Structures are given as structure tokens and as C-alpha cells.
Amino acid sequence: MIVVMEAGASPEVIEAVEARIRAAGLGVHVSRGVERTLVGAIGDERVLEPENFESMPGVERAMHIVKPYKLVSREWHPGRTVVDVGGAAIGGDVVQVIAGPCSVETDEQMAAAADAVARGGARMMRGGAFKPRTSPYEFQGKGIEGLRMLKRAAARHRLPVVTELMDVRTLDAFLAEGVDVIQIGTRNMQNFDLLRAVGRVDVPVVLKRGMSATISEWLMAAEYVAAGGNHRIVMCERGIRTHETAYRNVLDVTAIPFVKRESHLPVIVDPSHAGGKAWMVGALACAAVAAGADGLLIEVHPCPREAWCDADQALAPDEFASLMVRLAAVAGATGRFLAPAPDDRSLAPA
Amino acid sequence: MIVVMEAGASPEVIEAVEARIRAAGLGVHVSRGVERTLVGAIGDERVLEPENFESMPGVERAMHIVKPYKLVSREWHPGRTVVDVGGAAIGGDVVQVIAGPCSVETDEQMAAAADAVARGGARMMRGGAFKPRTSPYEFQGKGIEGLRMLKRAAARHRLPVVTELMDVRTLDAFLAEGVDVIQIGTRNMQNFDLLRAVGRVDVPVVLKRGMSATISEWLMAAEYVAAGGNHRIVMCERGIRTHETAYRNVLDVTAIPFVKRESHLPVIVDPSHAGGKAWMVGALACAAVAAGADGLLIEVHPCPREAWCDADQALAPDEFASLMVRLAAVAGATGRFLAPAPDDRSLAPA
Amino acid sequence: MIVVMEAGASPEVIEAVEARIRAAGLGVHVSRGVERTLVGAIGDERVLEPENFESMPGVERAMHIVKPYKLVSREWHPGRTVVDVGGAAIGGDVVQVIAGPCSVETDEQMAAAADAVARGGARMMRGGAFKPRTSPYEFQGKGIEGLRMLKRAAARHRLPVVTELMDVRTLDAFLAEGVDVIQIGTRNMQNFDLLRAVGRVDVPVVLKRGMSATISEWLMAAEYVAAGGNHRIVMCERGIRTHETAYRNVLDVTAIPFVKRESHLPVIVDPSHAGGKAWMVGALACAAVAAGADGLLIEVHPCPREAWCDADQALAPDEFASLMVRLAAVAGATGRFLAPAPDDRSLAPA
Amino acid sequence: MIVVMEAGASPEVIEAVEARIRAAGLGVHVSRGVERTLVGAIGDERVLEPENFESMPGVERAMHIVKPYKLVSREWHPGRTVVDVGGAAIGGDVVQVIAGPCSVETDEQMAAAADAVARGGARMMRGGAFKPRTSPYEFQGKGIEGLRMLKRAAARHRLPVVTELMDVRTLDAFLAEGVDVIQIGTRNMQNFDLLRAVGRVDVPVVLKRGMSATISEWLMAAEYVAAGGNHRIVMCERGIRTHETAYRNVLDVTAIPFVKRESHLPVIVDPSHAGGKAWMVGALACAAVAAGADGLLIEVHPCPREAWCDADQALAPDEFASLMVRLAAVAGATGRFLAPAPDDRSLAPA
């Protein structure tokens, strides 16, 4: 940590700062410049909080020099993490596409969605059973029964499932139903009790970025999960809120290379929620892969305009299938490949 | 709802839109302009979702005409709500100041804080027992024991207490300990399960605005609470996240008159978290009252620079006392007055 | 400047950084911590650019310690500047209200507007002759003839005038017509050639903050004016662009105390453009004064709904007059007073 | 335009709205719903301004239904525009890379830069002779002499040049020196007098998006240029300002497909300014091409760390050359190709 003293700070106030650093068990280094004196802390500065120094007389500001995250940082763990999900990898040389409808509606819809996902060549399935909705009067998801419908549909094609956990009280049910990957949604990125809870289980976690979270806050949210012992974390960029209202969110592609440089965790992207319109999904998905994303979370619905939620952003089965072909080409142009679909007898001609 | 058709939309696609509106039980009104045809829905449009129309062929966009909130809206409840907290009012002609430390630390600190709050003339006390912290390695609050310390300290001056609930599993303990007002923090504004839970209890709720929430989303979060039956809701503006980094957040004073026009609920302001520095609190608190705020949430600590959290934003007791004098003048200039402190024998000379 | 080296930076790369600092004529101070080595520059670091260091091998980041502005900073000029405009002061103990229509339309409209301004008790007049409009098809202002209409109307009540300069080529006309205060609009805050031009004349400048400018960029824009020799600068906060769409902009009241702490220049506020609606102007104007603003720029039109531009944000004469009474009370509550209107015979009863 | 009346608006106020629309020569259509009455204008609504209606009694809000831009919109000009620059196309099936240093420094630097640009395979050159700098104390560019240095260096490889115009008074010099493409910078996107001036000349314009401009404002800025008669406009996305501070700006890739859907103009991207760091340029450039960008503006400097401006974002010649190979692959994956370099004898072995 560096403490910048105000111009003309007296020796007494500088000594008070030094004393406070020493009291925390760290060493002190003072540098007297022409306009400012700086007091540096030598040791693990994470034990110091800049606010405690900024409230002292004569202090202009105090700042950490090292990053606040450790377990998820690449500096402390230089290799790259590959998260294994029932034999399918997220991270490494593959681009893993996770597809499915926004919300679980009926067994028929889910069966048709699973067929579309598998036929398109994806090998993981998404679907929401608990839905965070802005309005209390909108459809809130099918709940536990939805989890079962999702599992049943996905099982036909042996697809692991990804679904969102909103309430810590339903975590046991998620485990009991065999959810393969737990998604933490954008509105819960700083629901710290929920993060702590999924940090204690042995199921991979997809952690969506908060709508206006900084990269640092997002990595600190992952640090909460990792600190509990669960290191199988996948970061998911899904667009940030800005001044622009022409589309729902602004997909922050810069976050992809940035997080991969700061952290060893894989990064996937949700182009469907980012743009909010089906016609944008292709361009955003290709951009994400070209920028280095390890995977995508794409909304596919057997009949988008009948969807019970986010009807305007889901792809129809044929749109999804042709997007997969484009994605394979872009993945190839960046030296990677789409994860091969499992050997799936259900798709074979009779 | 209005559906704007694309230029040159065919009669068939227009009819399909009409049919969909009628299928939901609403009437239809078509307006043919020079460049666009508009299809309007007649009836309670809240049952329609624009996304379902925007995914139809020939539709350019669809939009609601009425606001999504009802229970919290002033259109449906024209009077103003005054929330009673143990005899102290939030709303109406008083400006209610709620003061206390960021976090509950020790019985001694809390006793001194309660003295400062009461001597300054405030009649409600705040203090955090469960703390949402960006880092898992920082102090996370004293928990249930903290609630008891807060209640003990406040009881000496008969101050009702306000404290933050983060986890739905601790709600029962909040009720058992007699928490007078439950605060929902900025990071949990869209933790819908938590909102539903506090919607079912009979304790007033202070609902902080999310860091990048729109006014509409904030009022819809209040609608979640109200929909459960709890109408004792106080909205709290605490600064929004913008591009500016010179201060922690930008206090959105425009939200004060705007929410009071849209909703019947009282609006208070947290100038301490908004600016993030003690020296800004006075100016922001005065601005909030001048803009019509019904109250303030101010951090006061017996010795700010020793505070365990947010040390740089708490006021010292003497700073708080002199701010209360300025606030009384500003409240007076806007035709209101600071809530009178209760007859408090503990402050009387021996 | 401080250069933070990467973990494990070799002695050679550290020496290269030191050499580069020394080559610029500054001294060097190296601090070796547990996780990072820091290299500090001793001397006037403004001659160094962090980017040149951040592109060197082994450097994690480089940052300035001192602020980039000098002439406008309070550190270098501790007193407060009061800008004199034909005998009326901006800065000091007065709150100066500048009022008038968005755009100059006709001699009749301007005469009625000047009457409203003077009767309300303001002693400076605003009015736009050159209008920055988002669309090329909207009314662009009356031009030079508009300047003359503004001067004529204001002269009847001896009001100095404030009007916006958009194009450097019309500066001579502004001087020839006797414009009393030149306004630089939000879209031109970083039109550096325009800033340089008004820096060379002897007329006060009102410098509006850019819609998404940081405080630092805004003060640097003022530094451009001051560097040319013109130190009669008034900073004007007018709302910033954020994610919120319920109102046009978010008035950043925190900027008022912040700029007054960083700079010796006076700060005024434009509540009319900030909110964009007439009904919000009162609350925002009171908030600005309570937060310490040195003045206000308020839109007043003899008949708002007939205004040629921004019809929904102008106050009618009677609304303006009653707002002035409220403002006087708020100014009083903060220990200041509204600037007294000049002895104005034109307002006297016959 | 649609005018939404308040709940319970009286027949008189509705008639007043109707009368105002008719007075402007448009037809009226009234739709009475359950909660609201809507009044629609039939005809070219662009002549109406919503503000004039929003200030009328009984009106809740008024909004345009059609887009404000015409000349640049795809609705009015369904084909795609290809801008020809001395035989090189921007738009169509090519991806055109424009490369060169941030600022023109010396003849030697420019010659080396031009070699790097041409050897990398790009066929247009950029370089700044007039530099918009946040600080008045930083290097402001070489001016007219810089234009000449740029033209001399580019001529060796027959590369057309792109350079920024900041001041309308230097436009004649740009024409006299034979600048091939005039760039309007992000800070001048709403410098309307400058836009009008370049709208009257016969030189292609690259129009950078303002740092916090909406897509609509950006297209309206292009409309200013087009309204003057110059339709050779290239839109350039360069990152927007958000809350994120880990990188300079957030490249808004969604703007690429969105603007290409709304407008017939080509869209290029500046990945160098967006991220602000050389190591990010590759990922952002690939993402932009994958999302459909028609070209890129890339900073290349013979020796980045010695650059006089933005030293940390320029690529070295070898980095640029290898990026061009990756870009060719990504362009191919999206069915396009990099513009072929001209037959360039200066690059041939002796």
C-alpha cells in the first residue's frame, strides 16, 4: 500500500501513518518527493484497508499496489484451469457451446429443445427453472419440477445441464436432482451468502458478471466461491449496463482477454442476454469466440415467439444449427475447435 | 401496449399481431400513419409482454404505455404513505435522521455511538451486524451477537434500530431480536427471494436502490415487497455507479422528486455511502433535504479512524452534531422540520 | 510518478525504468516490497507520461501522484476566485441566478423574458443565439441577429448577458456585440481550439461540463482557458449521462463540493438541462444551492409551451418568481444570500 | 408521434393536443384505452417536437415513432454504401485495414511506419498531425508540417492517408495538402459547425463515435455531414465510456451489426483506442471483424515505447504483421477477405 501525504504534511502526521503501518506488523518505506511524501507498506498489504489511512490527518489518499484476489488470480496460479463437466471440458482448446431455452416450460418444449441443442452439435444444455423476473407478476419459473423436466430432456442426449440457483434454500434440491453446473445470475453476483454456499459444494459454478460490476468485483465474487474450497468456476460475461438504450446491454468483449490475463479461470459469454434480440446473437457469438471466449451460453427454443420469457432473443433450431457452422469456422480461425458432440445414438437415423 | 409495425408490413402480419392481442383477451385499435402502422391493445396491457410481439415478423418494436408498478404507484394510491417506526414517522412533514456506525464492533463503541446519535438529536439508530463485503477476507460483521449489541445500545436512548438483512435464513433471528426496521442493501435489491420474504413480515423495510438500478426496477423491487402484503416500505437512494471515479458514487438527487411523484412511498437518502468521504456528507445531506428527502441515513462513529469498516466516511460525534444544526435550517427553508428527539432522560444533566 | 514493476521483474528491467526517469531530468527512488518493487520519480513528474513506462518490459503500471492541473487548482492558488461580470459577482457569499430562455426567438419574446428575469430578482440574463441541435433539421438559432436581440432586451434592465459560442469563427462577432459572458457548451468542452481561443480574450467564460466528462477532464479543459491568460472562468455542472433514462441527465451534486475543494474557481449549476422537465427545476435548484453552488442557470420563457426549443423545461414567469423566494431561503440556510437585483427603474411603478 | 395523455385527462386538454397537431399540418388519430388515451399524429412527424407537447397540461409523455435520421438510414436507402478512397474500398466484401502511428513525429519515423504498414499488407495509412490532448501542456501535434510528412511517407507506398481535422479553420489546408480521408474525432462528434463544413467538401469522412454518444446521436451527426451533400461517410466505433476502469473504454461490438442494420454506411473499428493497451488490440480487432466490421484503424509505430503519444497502445511492425495474418483468417471465416495490398514495387527485393 502507498499512502500519499498532502503537500506540506508535518513530520508528526507522517509518523502517525508510519506507526499505524508498523502496528499492523508491516515494514515502512518513506519517499520524499518535491511535491509529495509517500509512505509505503512493506509486507502483505492485504491486511491494511486504505480507508483507515484516508481518514487520518495529512493523508491525501491511500491505495493498494497488489490486486485483492489471490486464489483466482493468474499471478498465484499461472496455469489455466479447465473445468470438467461430466467429461465435457470448459477451458483449453475447445469452444464449448451450452444451449437451451430461457425457461423450462413443458416436457414437450424441453424435449424439442434438447433435440435442437443436440442436433446443432452442442453438448451441454441450459434452461431456467427458477427465473429472476423484474416484476412479481411475471412467470417465475417451474421450480423443482422444472429441474426434473430439464434433466429428463437432457438425459435423452446425455447432455449435462446448467441452471440458475437464486435462493440458498434450494441448493440441496439442486444437488438432489443432479444439476451438473450451478449458474449464479447477474443479480446475485454479490449475494455473498449464496456465493459462500456454492463454494462449499462439489459442483461447477458459472458465475455471471453483475450488470455494472467491475472486473475486480467480479473476480472477488469468484474468490468468495474459491475461498470455500470450490475451484471449479467458470466466469460468464453477459453484457454490462451503459448509457446506450438501443440494445439491452453492451457486450464487453474486452473483458474476455482481460479476465483471461488476470485469472486462470475459463471465460464464457452469453450473447443472447447481452443484445436481447435474436438477430444480434450471431454477430455477438462470433465476436466472443474471436476474442478468445472458452464457450457460449445461447438461448434456443423450439418456437421462439411462443416462449414464456425473453421471446425475442431465442434462436429457432435451424438458426442455431447454421450459427454452429459459422462458430466452427471462427473457432478454427483462432486455432481452436467446437467441442465435438458426444456419440449420440438418439440422433442416428433409425 | 403499442406495437409499431415495420414500414410496408403486409396486412397478414398486421392481422397476426391483432390476433395475438385478442387471444389475450384485450381489444385492438389500429392506426395507419404515413410511414408506420400502429396496433394498440385496449385493456390491462400488463398481461402482454412486448418481447412476444417483437419476435413476430413485420414488427419493429412493441412498448408498454402504462407503468409496470401498481401497489407502490401514486396513480393507484394518490395519498402519501407515512411509515411509523415505534412512534417515529418516516414521511410527512418531518425529516427523519437515522444515524450510527457502519458496523457494530463492541458494546463500548455502540454505547458511545448511541450517545452521539441521541445527543445530536436523531431518533433512530443504524448499525450493521451482517456486512456485505467485496472481499471474503474482510470483516463480515458480528452477526446475531451484533444485533443484540445494537439493540442494547439503542435501548438506552429508546432509539428504534435499522439494520441490514443479507440472508433469508436469518430473517427469523431479526424478528426474534426485535429489529425495528429491516434494511435491504444495494447488492440485494433484486434478490427476489429475499424481497418476497420481507414482504410477508410486519416490519418496515428500507429498500436501497441498486448501484445501477433504474427507477423503474427499484420501484418494481418495492412492488415485490408490497405484493407480499407489507406496505411499510421506505425507498433509500444511496448513489449510483457512473463513469466518474473521483468519488465512490454519484448521489442521484433527481431520484428524490421523481420517486415521490411516481410513488406514494417516502424517500430517504444515504449521503455517507454515496460520496464515500466524511467531508462530503454535509453538502450531500443538505442537498438531499433541499430536494425533498424524507430522511437521511448517516454514518456516525465515536472515533472514525478506528472504525472496522468504511473508516473514511463516518462523522465524528461533534461533526454530526453541527451537521444536525445545518440540516434543521435547510429543512426549515423547505417548510419542514427535523424530527424532534424523544424526551430522553439519559441525556439530562445529573 | 510511481512505476509498479511486475512480480519478479529483473534488475535489468528495473534499471531501464530508472534510466528513463533520469533521462528526463528527475531523481529516482526505489522501494522493494515483498510482492512488488516500486520505482518513484522525484521532481516535477508532469513531464513524464505513464504510457511510455507502461509499454516497457517488466512494468505492471505507472501512475501520476500529483494532479495534472495547476493554474486552476486550489493547491497552487489557495484563495477563492470571484468572477466579476459588470459589477455582479460570481463566487463569494452570493448565489447568482442567471435566467432567460433557451433560445432567442423574437424581440417581443426577449423583452417579456427580460422583464420576467428582472422581476424575479435575477441580475444576469441568458439566451441562446447559436444552438447546438442533435438534428440538422431543427431550429439552429437566430445567429448574430439573436445576439443583438438578447443585448437589446437585457439592456432595458441593465442585465449582463451570457450566451453560447459554438464556432471559433464567430468569436469576433461576440466581442463586437459586447457579449458579457461566453458560454462553452457541454458538447464543446473538449473542443480544444475553441478553448484556446476564449483563453486569449478578456471576457468571463462559463465552462459547462461534458456529458460524460470526469472532473479531472473538466478541470483540464479549464486549464486550457487559463493557460491562454484568461482566468475569469466559471465551472457549470449540468448533469451527466448515466444508465438512467427516466430523466434526461443525472445532476451530479457531488461535483459541487468536490470541484470547490480541488479548484479556486466558482461553480454554478444548470438545473433546467439536467432534469429536462420544468417540474424538476425547483428541487434541483434548491439541492444545488444547499450543496454550495455559487449560482444557477435557469430557463425562463414568457410562454414555455410555445418555446422554439426545450419547451418542456422552461419555467413560466410566475413559477420563476416563486422559485426565487424558495432559493433565497435555502441560500440563507447555508449562510449566503441571493445577489440583490440592481436598482432597476424600469421595474418601478410609474 | 404519439402523445400519451394522463389518466383522467379531460376532453378539453385532449382537444388542445389535437389542435396543436393539426396546426402543424398533420392528421390526428385518437385511441381511447382503459387506462390512457393516446393521440397519434398522421403525416411526417419529424416537424413536431415532443417537448412542445410534454409541456401541455394533461400530457404524460410524447414520443416519436419513426427514426430521426433519413439520409443515412437504410430504410430510405436500402442498398449498402461502399466508400471509394483512391481505388481502395471501404464497405462491401473487403475488410480494409488502416494503420499507422498515433502522431506524426519525424520523417524518419513516418518512413519506417509506412514501411511497416505496407509490409503488413494494409493499404491505407493513418497518422495524427493535429492531436486532441486532455492537457494543454502535452504535445499537440506537428500541424501542417505533419500533414506533409504523412503524405510524403505514404506516397512511397501509394497509400491514401487518413488524418484528424480538429479546427474548421484548417480545412482548407487539409484540402490543399491532399488529405485523402478526413477523420472527425470522438470529442468533435457533436461539433456541428465542423460537421457542416466537412459536409460541403468532396473528401470521404471517418466519423468517430463520441465517447458517450448513443447510436442515434452518432447517426444524427452523420446526417449533418450528409445534409451538406457529402455522402462518403464511414462510421468508426472506438469504445464507449462506462463504469469499468480496468481498461480505457469498452469496445461496443454490438454497435457494428446494429449500425449496419439501421444505416447503409460502412462501419469500421478502432481497437487501439478502445482498449488502450497493445496486448488487447489483437483480440479486439478479431472480435470486430467477426462481428462484421468493414475495416480497422490500428496504431502501428516503428518503436512503440518511444512514441510521443499513446505509447502503450501501438503495435510494433512485427506484431502488426502477425496480426494481419490472424485477421485474414477471421475475415475468411465470415466470408470476406482483407483488402489486397496494391502492387508495391518499393517492397520488392532489389
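Just so it is clear, A, B, C and D label the chains in written order, and each chain counts residues from 1 on its own.
Quick note on the criterion: a contact is a pair of C-beta atoms (placed from the backbone, for glycine too) under 8 Å apart; a residue touches a chain by one contact, two chains touch by 3 or more.
Here the structure is a predicted model, which means the values were calculated and not measured.
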| item | value |
| --- | --- |
| Neighbouring chains shared between chain A and chain B, ordered by label | C, D |
| Shortest contact path, chain A to chain D, counted in steps | 1 |
| Higher-contact pair (C-beta pairs counted), C-D versus B-D | C-D |
| Inter-centroid spacing, chain C versus chain B (mean Cα positions, whole Å) | 31 |
| Centroid distance [mean C-alpha coordinates] between chain D and chain B, Å | 40 |
| Intercentroid distance (Cα basis), chain D paired with chain C, Å | 27 |
| Per-residue overlap in chain A, given as positions that touch at least 2 other chains | 212, 241-243, 245 |
| Touching residues (chain side chain D, partner chain A) in the complex | 212, 214-216, 240, 242-247, 250-258, 261, 274-275, 279-280, 283-284, 286-292, 326, 329-330, 332-334 |
| In the complex, chain A residues that touch chain B | 46, 49, 51-52, 54-56, 68, 132-138, 140, 166-169, 187-188, 190-193, 196, 211-212, 217, 220, 223-224, 227, 241, 277-278, 304-307, 309-314 |
| Interface residues, chain B side, partner chain D - complex | 2, 4, 7, 29, 31-36, 38, 40-45, 65-66, 75, 212, 241-243, 245 |
